[in-house]
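Below are two complexes that have chain A in common, paired first with chain B and then with chain C.
Up next is the complex of A and B:
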């Protein structure tokens, strides 16, 4: 009977054979598909095309000759020490931010998962920085971390000189700590979802076998949330490579002296301020290829066999 | 786990929570100080050092109301696009059988890991130069018009509804659109709130794209005008920190309040599944 209801006897047209049983699905999805093509697929290909051509801004409607120039844009970009430095900076950022994010968010999530009292208050507290605009929280950190701000007042003689954000050693780590704090709520959320999927029995049998809380954290929790860890690694790496707002505002445009400039900040300066979109596109392509390589390596080493 | 360990865990989590909330508390305190007080005493309210002047000062430099309105229009446009088109595609992915369904679902997942930095230059060329949409709400909204995480969340919710419901309505002669509007949509109302919350924080907090596309101060969302204030104007203000923190409080306020009121819809499992697929 069910098959009869699902397939009422009606003539099967050619359109139905090509488009599937409910061609309406395609119609319902058409706006989204057009959106993805217009805003993601086409610009993605266009970006790669721009990076291999001599491209400059023209007035709307004006057709300019844009010759193929091979790797010239890539060479121009990477002969600039500022570009190399920005990639090094983002490397420092990722080395601090990614491990710190994974460790802290997993520890906090497993703590929050078991807590009984003040559950809502605690969760909300950890999510609030994540839901707030970067620009707003940057303003607070500027106040906290400036030369005679509260942080240095509390640290007294231990405060670095020059202060955090204008110190070429500390500028990038400060940004990395800022982003870790700002984004942690989202990763806690992901880990909390993953922790729901670990059967209670595993903890019970671990405890029967005499495992303490630390042992069962490493033998049950850590392997149990491995897919989430792979996701946290991927998302935090992509977010880190996208770094722009923090160096632009916290350190006044990648200062001091380029010590906290990120590749995206350089892309903005070169592409839109100095009118070299082709060089900026080349930096973007290299950055994305590097992110892909890092993501694949992470997946290889953290992903296990599943 | 011993009683001592449980208490220790609670204390650690509580100290962590205070560390996460303190900057927000400090933002409010700082925004109300006549003169910035970076001493430890300055972290506590001091009746002799309280003023509302910073809010007036920032409002003189950047029109807070206009900024909030622009952020609201930008966010509203994205919400409208996501709710209308996201529901349609989520329903099509979960309920309807059509060719290209698998590819569309894969695209919705893939789009979430495409880094914006690669799209920055071509999108700017296309939207600002070719379509002439700079300094325009449409140009601001376009790259965010349909939130892909929302599409996945809608699909998850529609998948959970029993198929028989839809079949029964179809036998009664309801068209597919009527089934979606009268039967499916009322049943996924919690998903609508989750999606609104999740989508809201994107454009409201977004800085890079509206910063690139709007040069005219009257059209800039609050995040952009506040950032311009921080990087250009703050140096010349009497109490730059007070005014900046006042602006930050106005920018952060709506999201934080919305989030606290509806926090129970910000559920880990939904959003986790939305990101993971």
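Up next is the complex of A and C:
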């Protein structure tokens, strides 16, 4: 008689149960995880907590009562017409900035991808505004768009009155044009990288089938860079929703009369200047939710099945 | 697998929270503690020079209580830097650049030492600053700031532009609203200036201190914009000031756009509202000065204006608070105040300034007007909601006075109603 003896299951150590089969992987990813938790997740969760409490900044060790106040901070924030208006302003900004960014950066990247001469010079030229400090670039735009600036001199009687930056109709579009121009170099680089991934054979096939340059652009280039387009849409929407420096500097704190104030500018005023971080946090939470919704919609409609 | 990931993630979160909690503790000092301290002062050239000599003078006499002085770290504004330092618990003992508009918030945050709680605190402040000191008390009559220096604002005018426009540069007739408007029209039409005056038309809360407030203080004989928790400016005096500025903007005599340089220094504006710092800054301009205008014109020695003061904050993060209080008194002594005058041209917040430093004002007549004016100044309302109030005012002012989108009287009434509500908040 023979007896079959099954190998007993190997004992699994407690440490291995927790750390998994490749603990080194956890170790390698830990720095980034800690970064994400410390710099994004923790502040986000903390700001949500702040938005539901009567909160103000205090010195360490100072006893302050911070009771739960439910939706009071949200009501305070959104009963303020300036806050509502700032969301409308940033909506106008995104409607101009995001499509303009996508179209211009794709067109310019396609052009840069084809030209032979001055390619490096032009790529650098488009990238320079992106890496230049906003403060310096804003000064140039102030000179350009002031009442007696170059733009109005060229336009002559066609110049708007009041001038661009103090015109409640034109202030926000001017900021949108400025940001589009400033950020364009970065998005052109994204598209240039994506264009390298489109097989040349596709263009040759299209040409064989009788497609001209415009038809090739819409039938080969545009579908070929779709993942990059989704990325450009998402990044430009997120950065646009965080608009702060331009209304702070270009239109003197969201002027004229709040026409270019953005939610982040209002958050800065309320949270840091006016000692209402709880109300500012409520505005921030709503902004995050709205940006997430817009990003999901963009991903749904522009991202396709990918 | 899921459980394992959850445990690992929880461990990381706990680790991250522990890391982010590693901030330095705050208060713990006592007025009896003596030893080394750190102070911050403003980063403009003159104040740095004054700060350095003051620290040197103190250290020479107190080797065991060494003071380390440094410029206030760079940030969007000093108030934000100080607010962050309070929250982080690493504020220095004294900051010689504390804006009265931020003091209420810093007090609410538990960041400031109650000077009145020191045995000789309130007495020292009131002996030095006299009646001017009372506007720096909180609602309970306590001092959470040491009144230090003011920059009373007046009107500077460019004598060359006035002369070119056919106006008498030595008697420019700017004391009443009507005279001021007439002179403004003339200097723009004939003097070659783009604008008569060009205060910043931007939306920051503090800009009202340099257009509305000086004229309102002058018109009312020194009324604060908020007194006893109620806005005061919804009256004929406030309306008058509003209409005056509204006319300047509507008639193109004041600039609605932000100027990127110095409009007065560049000759783009014929006049400016400035403090004594302007004496050295406009060395190359042939300027004259007059008090801010009122409706009917009042003598210069009765005219009030905005103080534009910066005070000394004494912060609770300070360990050696005994030394800090001694340094605060040393730096506001007669000797150091005279050095402040000589080095910066800014006015120590002292009672009887002209009589206290007669030699300085005799030798520097350009500053004498500011020295006299320093006795009649008003500052921003006290309390934790000052900035909120000033921003509410500025928003209404921008809409109505600067851009003409609302009736001025209605805008001031609306601003007053908002401020009354804000004043009720804790």
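Here is the rule we use: the second predicted complex is superposed on the first by the 270 of 306 C-alpha atoms of A that agree within 3 Å, B and C clash if a C-alpha of one lies under 4 Å from a C-alpha of the other, contacts with A are read in each partner's own complex, and residues count from 1 in each chain.
The rule is short, and it goes like this: a residue touches a chain if its C-beta (ideal position, glycine included) is under 8 Å from a C-beta of that chain, and two chains touch if they have at least 3 such contacts.
Bear in mind that the values here come from a model prediction, so they are computed numbers and not experimental data.
Overlaying the two complexes via chain A brings chain B and chain C into a clash.
Set against each other, chain B and chain C differ in how many residues of chain A they touch, and the higher count belongs to B.
Looking at the shared chain after the overlay, A:121 reaches chain B, while chain C stays out of its contact range. By the touch criterion defined above, A:129 lies against chain B but remains apart from chain C after alignment on the C-alpha atoms of chain A.
Judged by the touch definition given at the top, the superposed model places A:194 against chain B, while chain C stays out of reach. In the overlay built on the shared chain, the residue A:58 is in contact with chain B and with chain C.
With both structures placed on the common chain, the touch criterion links A:88 to neither chain B nor chain C.
Using the contact criterion defined above for the overlaid structures, shared-chain residue A:162 touches chain C, although it does not reach chain B. In the superposed pair of complexes, A:223 makes contact with neither chain B nor chain C. Of the two partner chains, both chain B and chain C are touched by A:143. Applying the stated contact rule after C-alpha superposition, one finds that A:18 touches each of chain B and chain C. Two complexes overlaid on chain A leave one chain C stretch from 74-82, 182-190, 218-226 or 308-316 clashing with chain B, and it is 74-82. Residue overlap on chain A between its contacts with chain B in one complex and with chain C in the other: 18-20, 26, 33, 42, 57-58, 60, 139, 142-143, 146, 252-253, 272. Residues 1, 4, 7-9, 12-13, 15-17, 19-20, 23-28, 79-80, 83, 86-89, 91, 105, 108-111, 200-205, 256-258, 260, 316-317, 384-385, 387-388, 391, 395, 398-399, 402-403, 405 of chain C are the ones that touch chain A when the two sit in their complex. Against chain B, the residues of chain A that register as touching in their complex are 5-6, 18-26, 28-29, 31-33, 35-36, 39-40, 42-44, 46-47, 50, 57-58, 60, 108, 111-112, 114-115, 117-118, 120-129, 131-144, 146, 148-150, 152-154, 181, 184-185, 189-190, 192-194, 196, 213, 227-228, 231, 234-235, 238, 241-242, 244-245, 248-249, 252-253, 263-264, 267-268, 271-272, 277, 280-281, 284-285, 287-288, 291. Put simply, chain A touches chain C in their complex at residues 17-20, 26, 30, 33-34, 37-38, 41-42, 56-64, 82, 139, 142-143, 146-147, 162-163, 165-166, 168, 252-258, 261, 269, 272-276. For chain B in complex with chain A, the touching residues are 1, 5, 9-10, 12-14, 16-18, 20-21, 23-24, 26-27, 30, 36, 38-40, 42-43, 85-86, 88-89, 91-93, 96-101, 104, 107-108, 111, 113-126, 129-132, 142-143, 145-146, 148, 151, 167, 171, 176, 201, 204-205, 207-208, 212, 223-224, 226-227, 230-231, 241, 244-245, 247-249, 251-252, 255-256, 259-260, 263-264, 266, 268-269, 271-273, 275-276.
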